[in-house]
Amino acid sequence: MDAREIIARRAARELQDGFYVNLGIGIPTLVANYVPEGMEVILQSENGMLGVGPYPEAGTEDPDLINAGKETVTEIPGTVYFSSADSFAMIRGGHVNLSILGALQVDRNGDLANWMVPGKMIKGMGGAMDLVASARRVIVAMEHATKSGAPKILEACTLPLTGSRVVDTIITELAVIRVTPQGLVLEELGPDATVDQVRQLTGTELIVNEPVRRMF
Amino acid sequence: MNKIFPTAADALADLTDGATVMIGGFGLCGVPEDLIAATVAKGARNLHTISNNMGIDGVGLGLMLEAGMIASHIGSYVGENKLLEEMVIAGRLDLTLTPQGTLAERIRAGGAGIPAFFTPAGAGTIVAEGKEVREFKGRSYVMEEGLTADFALIKAWRADRMGNLVYRRTARNFNPVMATASRCTIAEVEEIVEPGELDPDSIVTPGIFVHRVVRWTGYNKRIERRTVRGGGK
Amino acid sequence: MDAREIIARRAARELQDGFYVNLGIGIPTLVANYVPEGMEVILQSENGMLGVGPYPEAGTEDPDLINAGKETVTEIPGTVYFSSADSFAMIRGGHVNLSILGALQVDRNGDLANWMVPGKMIKGMGGAMDLVASARRVIVAMEHATKSGAPKILEACTLPLTGSRVVDTIITELAVIRVTPQGLVLEELGPDATVDQVRQLTGTELIVNEPVRRMF
Amino acid sequence: MNKIFPTAADALADLTDGATVMIGGFGLCGVPEDLIAATVAKGARNLHTISNNMGIDGVGLGLMLEAGMIASHIGSYVGENKLLEEMVIAGRLDLTLTPQGTLAERIRAGGAGIPAFFTPAGAGTIVAEGKEVREFKGRSYVMEEGLTADFALIKAWRADRMGNLVYRRTARNFNPVMATASRCTIAEVEEIVEPGELDPDSIVTPGIFVHRVVRWTGYNKRIERRTVRGGGK
């Protein structure tokens, strides 16, 4: 398994039958591939759709049927379409059980930064600020460190925040980390990871209760 | 009561320089292509646009941007448009980024006569700077104000001459909420039917919100990210 | 013509082709009977309907199809149904061109009282406060005085208000009165009314520019 | 995912004394009759009800009132119910009257995660007493807070087992908005269909808001004011 697969596979274990889930762009989108057999999970897409199906067969793409990542998708029996206002009313009202999204940085308070790097191209926050402020549970699914090995899990985010005190759980290829009032708790280790390795690639203190169990 | 206009240009005849204009769509989905093209052709200047995105280079709202018609823009995501960034840095365009749900709700509020409301989105971030922040039951909320516009250019699927509208799939997005928030809402539609043909229980935008209807001339609908089963793009 | 017919007939002259109008219970409901031939006026009912048709033929009443007065009605081609929240968003947002409703009292500031008489049975304001606060134009259609001849158009309302500075025009069987910053202006007289009679039955000063034209 | 419960009584099994309960309907139209009957049969006490009306004597919510189950009520119009007034005067029931649009919007806000908003309705009247009043662009607005409930008992026309709902004509009224604002929304419906049978563009209440569905047993729908052409009543 590569890092992205480990993360998506582990994140999928947070799903429960009957959950309504919003998946962000990138690794979170892959989580849909690992929904356990027999479990019914309904995907919400913030552009106005409940019940997102798989990508279409080539040749059947519909320009009027896309997800929040602007990818062509399909509907399932029971799909519902609604406006952006209704979609975010649904999100803001806490009706989505779980939001899984990527991050540039997360810190020990559960602060999250994932929308802006000063000096880089202006993009915008899209729906991320609404999602993190409102979903019943927010999971960050991301690679543990940057490509150059710099920590993304920090004492305090240095990038502009997407939300303050919003993250419940961080899932990386190396670890499952829970945000608690006492600080970040290392709950699980990735398939090949060691506590020392995780500590080295994490920019803030981790609470570790040995032995730490494996993800899989 | 007949709200149907012969062409997009006719429907836009009184769009003046300096107008505030809402434009429906999410990415390139559910965008009023003919109305944008007619606005560009008309050459109005100094427009204040409100739209979730800014199209992409050469498509959708990108065309209005490239025509130099836009003085300010409120949206949530403009990552697909390089020219926009240059214009913002050069001080030629005033860009306000706002969370997508806050944008949708500000427009809904504007249309619903609500001057301001509180939302948790953006509390503790730069979005809250300069705004009233208040606690309710121990959580922080930002006060945001309603948005209205002079014109709303929207895309729908079917209309009748009374302006009742239905939408198709995710092409609905911001269109119905923008319909409610403008002094003059112009709907570009794929099909026009007789009053009574649209199921009264299923109409999404009641005609009261729609002032003009034009028939889409059949531009090609664009797909921004073609993804298919088996991992193809 | 009896008083109610005069009022309804005159109020109907305030309609314009293409108007969206909300009619209150009682005399305002009668206005629908006097829409000029060839004029298309769409009636909004705040319980969630745009395009209210006439009463049904006996035997075709539908319990699921009522107006805000809880009377059975019919739909027209182009009728739309929506929720109470959407209905009042429509009203509050100023999309209804005209609201015509009854009153217990109106005063020279355009204050309106029509929902509560202290000591009498508790009823509630229903949608009246929303309607008067939000419609683009508010017309009061009512009998000029109480059955015992006491004025209902006053210097200042004595009953609990429905809205403050909300009334544009008052239409009674005796007069059409416009609320202006300078005070109440007598604009028209009813079929048999005199200026003196109107003054006598009005509890506040009227601005009169003689000659005053007749309603019809 | 199957949200269908065999009976109204089953769906209400965990309704406890002291619960806050929203009940759909406008007058006697679109009222969840079976769910009200089952609530009365269950005999829960000290309920806090939120509903536009209070039924009429012996019908609709009037039944819960007569059973002495209601400790407090928020609504906009209760003129059809004589018992209510006696109970209010006797101090046995705490009644809050609120403008109908404010009631609908408070429920919509509760369901949409908005703790408070400003409305012009009631400014300058006793409704504004004790509330924050603020000016926006020279007009006065009253701050009103969102409403939520433990249970929402609603009436719809058709449902699928995922809880997607559509409504029939003016029986829609407060039902869809209440569906969004409660911890446990129970929908009483006239017909149950397979997922996919309801048009995805026309579903009014997405299943995410609906926790339980029960099939209406076919009570008589009541007409409160029968009016027919030719002036008959």
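Labels for the chains are A, B, C and D, by order of writing; each one numbers its residues from 1.
Here is the rule we go by: a contact is a pair of C-beta atoms (placed from the backbone, for glycine too) under 8 Å apart; a residue touches a chain by one contact, two chains touch by 3 or more.
Because the structure is a prediction, the values reported are computed rather than measured.
Participant: What is the chain whose Cα centroid lies farthest from the Cα centroid of subunit A?
Facilitator: Ranked by distance of C-alpha centres from subunit A, the top chain is C.
Participant: Roughly how far is subunit B from subunit D, centre to centre by C-alpha average, rounded to an integer in Å?
Facilitator: So the centroids are 33 Å from each other.
Participant: I'd like the Å distance between the centres of subunit A and subunit C, where a centre is the mean of that chain's Cα atoms.
Facilitator: Going by mean C-alpha positions, subunit A sits 55 Å from subunit C.
Participant: Averaged over CA atoms, how far is the centre of subunit C from the centre of subunit D? Could you give it in whole Å?
Facilitator: From the centre of subunit C to the centre of subunit D is 28 Å.
Participant: For subunit C, which residues are shared contacts with two or more other chains?
Facilitator: Those would be 75, 81-82, 88-89, 91-92, 134.
Participant: Two or more other chains touching the same residue: where does that happen in subunit D?
Facilitator: Within subunit D, residues 105, 108, 112-114, 119-120, 167-169, 172, 200-201, 204 contact more than one other chain.
Participant: Please list each pair of chains that are touching.
Facilitator: Once each pair is checked, the touching ones are A-B, A-D, B-C, B-D, C-D.
Participant: Please give the residue numbers of subunit A that touch subunit D in the complex, ascending.
Facilitator: 17-18, 20, 40, 42, 44, 50-51, 75-82, 88-96, 134
Participant: For subunit D, which residues count as touching subunit A in their complex?
Facilitator: 1, 108, 110-114, 160, 162, 164, 180-181, 194-196, 200-201, 203, 206-209
Participant: Write out the stretch or stretches of subunit D touching subunit C in their complex.
Facilitator: 26-30, 52, 75-79, 82, 84-85, 88, 95, 97, 99-105, 107-108, 119-127, 167-177, 204, 221-230, 232
Participant: Can you check the complex and tell me which residues of subunit B touch subunit D?
Facilitator: On the subunit B side, the touching residues are 105, 109, 112-120, 136-137, 139, 141, 145, 166-169, 172, 199-202, 204.
Participant: Please name which positions on subunit A make contact with subunit B in the complex.
Facilitator: 45-49, 54-58, 61-73, 75, 81-85, 87-89, 91-92, 111, 121-130, 133-134, 160-165
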